[in-house]
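In what follows, structures are represented as structure tokens.
Note that chain A is present in both complexes that follow, paired respectively with chain B and with chain C.
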Partner chain A sequence: MVGSKKNTVYSMLVLLPSLILLLIFVYGFIGNSFYVSLTDWGTGAALRENPLKNLIGLENYRQLFTGAIHDRFRQDLVNAIFYSLFLVAGTLGLGLFLAIMLDKGPKGENTLRTVFLFPMALSFVVTGTIWRWIFSPKGGVNLIPTWFGKERGEFLWLSSREQVAVFNWQNVPQIVALILFIIFALLLYGGWKKGRQTQIIWGAVLSGLMLFYALVLHNLLPPIIPYEEFHGFSLATIGIIIAAVWQYSGYTMALYLAGLRGLPVAMYESAKMDGASDITYYLKIAIPNMWPITLSAIIIISHISLKLFALIFSMAGADNASTGHPSVLMYLITFRANNFAVGAAISVILFLMAALFIIPYLIQSYRARR
Partner chain B sequence: MSQNTLRRVSPIVYVMLLAAMVIFLVPIYMAIITALKNPAEIRLATAWHLPSYPYWQSFVEAYNMLLPSLRNSLILTITGTVLSSLVGSINGFVFSKNRFRGSEIVFTLFLFGMFIPYQIILIPLFQLLRAIGIYGSLYGLILAHVVYGIPITTLIFRNFYDQIPNSLVESARLDGAGFFGLYGRLFLPLSVPGFVVVGIWQFTQIWNEFLWGVTLTKQSSQPVTVGLAQLAGGQAVNWNLPMAGSFLAGFPVLLIYIFFGRYFIRGLLAGSVKE
Partner chain C sequence: MKKGLTLLITLLLLLPMVSVWAGGQQEGAAEAEETEAVVAPEVELDYGKPSGDLEIFSWWAGDEAPALNALIDLYNDDYPQVEVINATVTGGSGVNAKAVLKTRMLGGDPPDSFQVHAGQELIGTWVAAERMLDLTPLFESEGWLDVIPEDLINLIGTENGIWSVPVNVHRSNVMWYIPENLEEWGVEAPQSWDDFLEIADDLEAEGVVPLSLATNWTVNHLWESVALGVLGADKYDGLWNGELSWTSDEAVEVWATLDEILEYTNDDFSSLSWQQATDLVVDGDAAFNIMGDWAAGYMSTTLNLEPGNDYMWAASPGTEGVFMFLADSFGFPKGVKNPAATLSWLKTCGSLEGQDTFNPLKGSISARTDSDLSKYNDYSRSAAEDFADNRIVGSLAHGVTANEGFMNDFATVMEMFLNNRNPEQAANAAQAIAIQNGIVSR
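Moving on to the complex of A and B:
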């Protein structure tokens, strides 16, 4: 609803302080971090009042992705992707499962909901401290096999150096090109099915380019780093993923339960009338109908997965290379090594990863509100 | 699905729910039994065993070690919660009932601040706090929490005020209520539930925060999350103290969750469910 002119003036005056603060603290600071990432701040006396800063372009980024000393960043980036994938899959899967169990309104539903949701209220530092004890190598979960008369487990939950799905960093451009090829090929297919000409042309050109790069060009160009460097899914992250799934599944459960309860009863009844079992109802009708909820849960959990800093810090320690994450490395490089420029570059990369999810989400919600 | 469709809940569902509940409570079980063990009794091989007798001394020790940081957290959290709730309330009032051309764009600009990974603002924030001389004090942390709390508090209050019917606003305006009269006499008194949701949300968020706590404070201004991380972080730790410390650090928010869980969940869903 729109008020009078005087109202509009007051409204703007009321918002002004918040707007100025956010323009500085959010937008100004993001710009400043981006600027800092283009400098060499941190090579000299970094903590001086007016430290020396020279613009060096994208050198910090080049170093992070291809420089010999920053191989930890590259592993952390790989870890970040796996953290996000497993956290999304784990919380959505478990949350949906719990929501379906609760949907039928079992006795004690309130108690159960409370139990599944309480970890959300706690700080990652609190839960991380407890989980660290549970995953200690010679106690905790490793003792469970002994209850069944077996040997104690030997897995080093938080410090294992083992990796699976290992790949050579030199092949990353090729892998990225192939993933983009698949995305553009799907675009092409979608355009072909719906008969959209421009979409067909773009899909064909881009997927062709990606395939050409991956199969031909990549092998002709010099490698991005001069030696083979291997990264993969670090098994030490499993413990942290379990703890994070435990903490956030209650949240997805709450989202899905609200979604299930929001579906019209007639939907269930007509499915039953057609002879569908409960399982068919959930798989074929309820879950597809909750797609908007799934989408926003994916966005929010992906976003949370970029904020695992406190959990990793308290569970495995900031210095633990096996469980690293760019957010932890940013802290180490900025506040322990005082290398502000490289720290800022890592923060910009994290920001861009988050923006990938957040900006489409905000645009969509802006359109929905208007 | 509505409650009134009578359906039988199969025993398999109960078994699975019970199993899930037990698994969800494992960390709490481990924390309680370990905190209550005499340090001499804590051995890795008997990690799952109940204590032979309850040993409360660890709670006293952990309390004494965490006392300064608990005090800091209490001051920080209460101040931050009150200030950011007040700002969010008046902002929400504007965005809900006093829209103007472009207010939706401003609102979207506000919301963006809620979704950024805070590493991206950390270095300039650190620099700014140092430049204005409040780095390492509680004031710096309070400032950060109030400013970065604006988006979520504004969002929750906006959604809350959207439920107040426009006809009520119209008739108050016809009776001559101006902008501040309308807010002060009509909206503020109706806002108690809104303040409860926002207050609980901000309280838990600020209490639980760690990144700023560990980068923007000195020893004397550490919040409890940092105090706990230090208590637990040493090598060869005695596990009774970190576990007792976890309880103390988690206790205030757990208490809120148990008594006001309904409102906590509303705050939780506010960030994700669009009206």
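Moving on to the complex of A and C:
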């Protein structure tokens, strides 16, 4: 008992330096960013040695989501969601496919494994520069049809301004409420199935509230912005998504390959004995057994998708709004427009988005350890 | 036990957040009192003999580098004991350099001298932040007040002082073309945007892009030429001094005209650099390009074309007799490491020899009225004549008329406009950002 107490003291002493550094340079600065986002730092002489700051509450956030001049932020937010969705789906799908192919142990497996992993060793700037050439509208992939005697491709890639799946920003609260309704309804259903009373009550109350808002309240309240504003999936982002998937699917392949190799051979053999085909084995047995790997891959890739700044900056440039991302906009607003408070508000929003991905993961792994 | 420890750690983590917040609040309260303008310290004229390292920060890389290098060579002839560190950050119009500069200035590591657009871009950002030295004594001792036009001095200075040494003057509203090609296509340089729209269909029928355009900032550059052409010089100035509303019919008309013009541009413009847009004209793929006269430097110095023969120019449609200017300048930041070298650098920048070495290569004209025009090419001579007798207005895209906040927000408004092509909405958004950035009062 005495020994363990001594150990605790020592371990605390050893941890202390990094704990202090973390407190200042991570959490202290997060706190400072949050404070700056509540001020009006940026009007007038923003770059003075002791700039004037007044607290203005959540005004910057209100402006970002509903102000007329922050149209670009809202499109960037939509872009960020699509970047995350497609990057996760793309890298997981392609990585799994490559892993299954390699799992069969083809000739030259070692070489192929290295080839697929190599892109990850590149920095985003290198990837961005290469793919920028590949997607240049007058060259690159657009020239491929000419090899077969056809016309040059017309798609503008990163310069495209087309959007699909366009929606009105005024309807966003309704859409969010409906999504939450579905989540809470599932909660209700789960509770009902397992007979948990509190879960049933909570699920019923929350899903009811969401449905009430979406169907009744939303139509009664004034719209969040006074005019219709349309956002959607920018086709220009396809180029960025392809480059990012190219870079990271080797990584998910490595994760999945390790997972597949970690499954006991007996599992495969008994599946075969019962007459399962390879497809059945992978779909029904291997993939469900690799759920923890899929989960950590989702967490890692989705937080990479929030850090696409370097790729977008080198591939499309910071000014190209069609491929925009909140992190790029944060750079522009902070360092070009000197509007530090709004820039800080954007970074706080990005921080919350990252937390959205990471906190459930932390909770889950904490529970698993207990 | 475990729960308690977790709670303790969480509280510990939250502590700095709270303390920083509290500290910040006091900070704001303390500063609210001192709002009065402090008179900036003046530059001293005797820092001793220059030696050591001199770091010059600019965005003159690539095609604009030869001019800067010539100026540095000239400086080193006079001050061989100073080691010049040429710190350039690439990106047209300083898009990347300015951000790097800000982090360095905020971090207390100012370069010994840095390139900055004369006008509001310098004043609204660095002078307002009290980070520059007043150069009035230097202007007096070097006699620059007599040779630099008063209009220009007024734009680089405020009532509290003169803040930078202009090294060049550029013209923004220039339209470039290849005379041989125009002859072949049977068109002439348009005098107004209506003229342009008339011939644009014919040019497209020939398979030629009527007007070449490049990456996003060049669209803002085009906008200011269109605005000047549509509004005329007085009303254009009115946008900046609050006499003309951004939502007035005339201002909406600017956007509507731009909308029509954009129909006749290359559709891959946002992936091109300004040089590539110039190349389109030189290669005969496009008829016209509107760009500042650094394009003359590019065509003369890099592409070896002869001005007046291989390529021609005209004031952008509807702006004959008006000179929309912008100027690069070097200032003296507070707290530099080597003030003696900085002072000597500024002297070289403002000297007749320095300006006449730099500008012929850069494609710009000297900010001094006594410059030796025989050293310049045909284009620059014509620009110098226009500068002497034209009406002068300032450029938006290059930092003369509006502060950086407005410039950045305007780029966002432009993006919005390029996506929805709605002149009314763009005009309203422009009014909103003009209010927000203090260009017009509410």
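Here is the rule we use: the second predicted complex is superposed on the first by the 349 of 370 C-alpha atoms of A that agree within 3 Å, B and C clash if a C-alpha of one lies under 4 Å from a C-alpha of the other, contacts with A are read in each partner's own complex, and residues count from 1 in each chain.
The definition used in the following text is that contacts are C-beta pairs under 8 Å (C-beta built on N, C-alpha and C of every residue); 3 or more make two chains touch, one makes a residue touch a chain.
No experiment lies behind these values; they were computed from the predicted model shown.
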- Query: Which partner does A:R72 reach: the first (chain B), the second (chain C), both, or neither?
  - Reply: second
- Task: In the overlay, answer first, second, both or neither for which of chain B and chain C A:I30 touches.
- Result: both
- So, A:M101: does it touch chain B (first), chain C (second), both, or neither? first
- Using the touch definition from the top, say if A:V115 reaches chain B (first), chain C (second), both or neither. first
- Classify the contacts of A:I358 with the two partner chains as first (chain B alone), second (chain C alone), both, or neither. first
- Task: Figure out whether A:G317 sits in contact with chain B (first) or chain C (second), or with both, or with neither.
- Result: both
- Examine A:G190 and indicate which partner it touches, taking first as chain B and second as chain C; both and neither are also allowed. neither
- Of the two partners chain B and chain C, more of chain A gets touched by chain B
- Report for A:L143: first if it touches chain B alone, second if chain C alone, otherwise both or neither. first
- So, does A:F335 touch the first partner chain B, the second partner chain C, both, or neither? both
- Item | Touching both chain C and chain B, counted on chain A across the two superposed complexes | 19, 27-30, 32, 36, 132, 136, 138, 317, 331, 335
- Item | Touching residues (chain side chain C, partner chain A) in the complex | 12-21, 24-25, 27-28, 31-32, 35, 95, 98-99, 102-103, 105-106, 125-126, 128-131, 215-217, 267-271, 404-405, 407-409, 411-413, 415-416, 418-420, 425, 428-429, 432-433, 436, 438
- Note on the structure: In the complex, chain B touches chain A at residues 1-3, 5, 7, 9, 13-14, 16-17, 20-21, 24-27, 30-31, 34, 44-45, 47-48, 87, 90-91, 93-94, 97-100, 103-113, 115-125, 147-148, 150-151, 154, 166, 169, 173, 178-180, 204, 207-211, 214-215, 225-226, 228-229, 232-233, 239, 242-243, 245-246, 249-250, 253-254, 256-258, 261, 264-265, 268-269, 271-274
- Where on chain A is chain C touching in the complex? 19, 23-24, 27-32, 34-36, 39, 42-55, 68-69, 71-72, 132, 136-138, 156-159, 161, 227, 230, 316-322, 331-333, 335-339
- Query: Given the complex with chain B, which residues does chain A contribute to the contact?
  - Reply: 1-3, 6-8, 10-12, 14-15, 18-19, 21-22, 25-30, 32-33, 36, 98, 101-107, 112, 114-127, 129-134, 136, 138-140, 143, 246, 251, 254-255, 258, 260-261, 263, 265, 268-269, 296-297, 300, 303, 306-307, 309-310, 313-314, 317, 327, 330-331, 334-335, 340, 343-344, 346-348, 350-351, 353-354, 358, 361-362, 365-366, 368-370
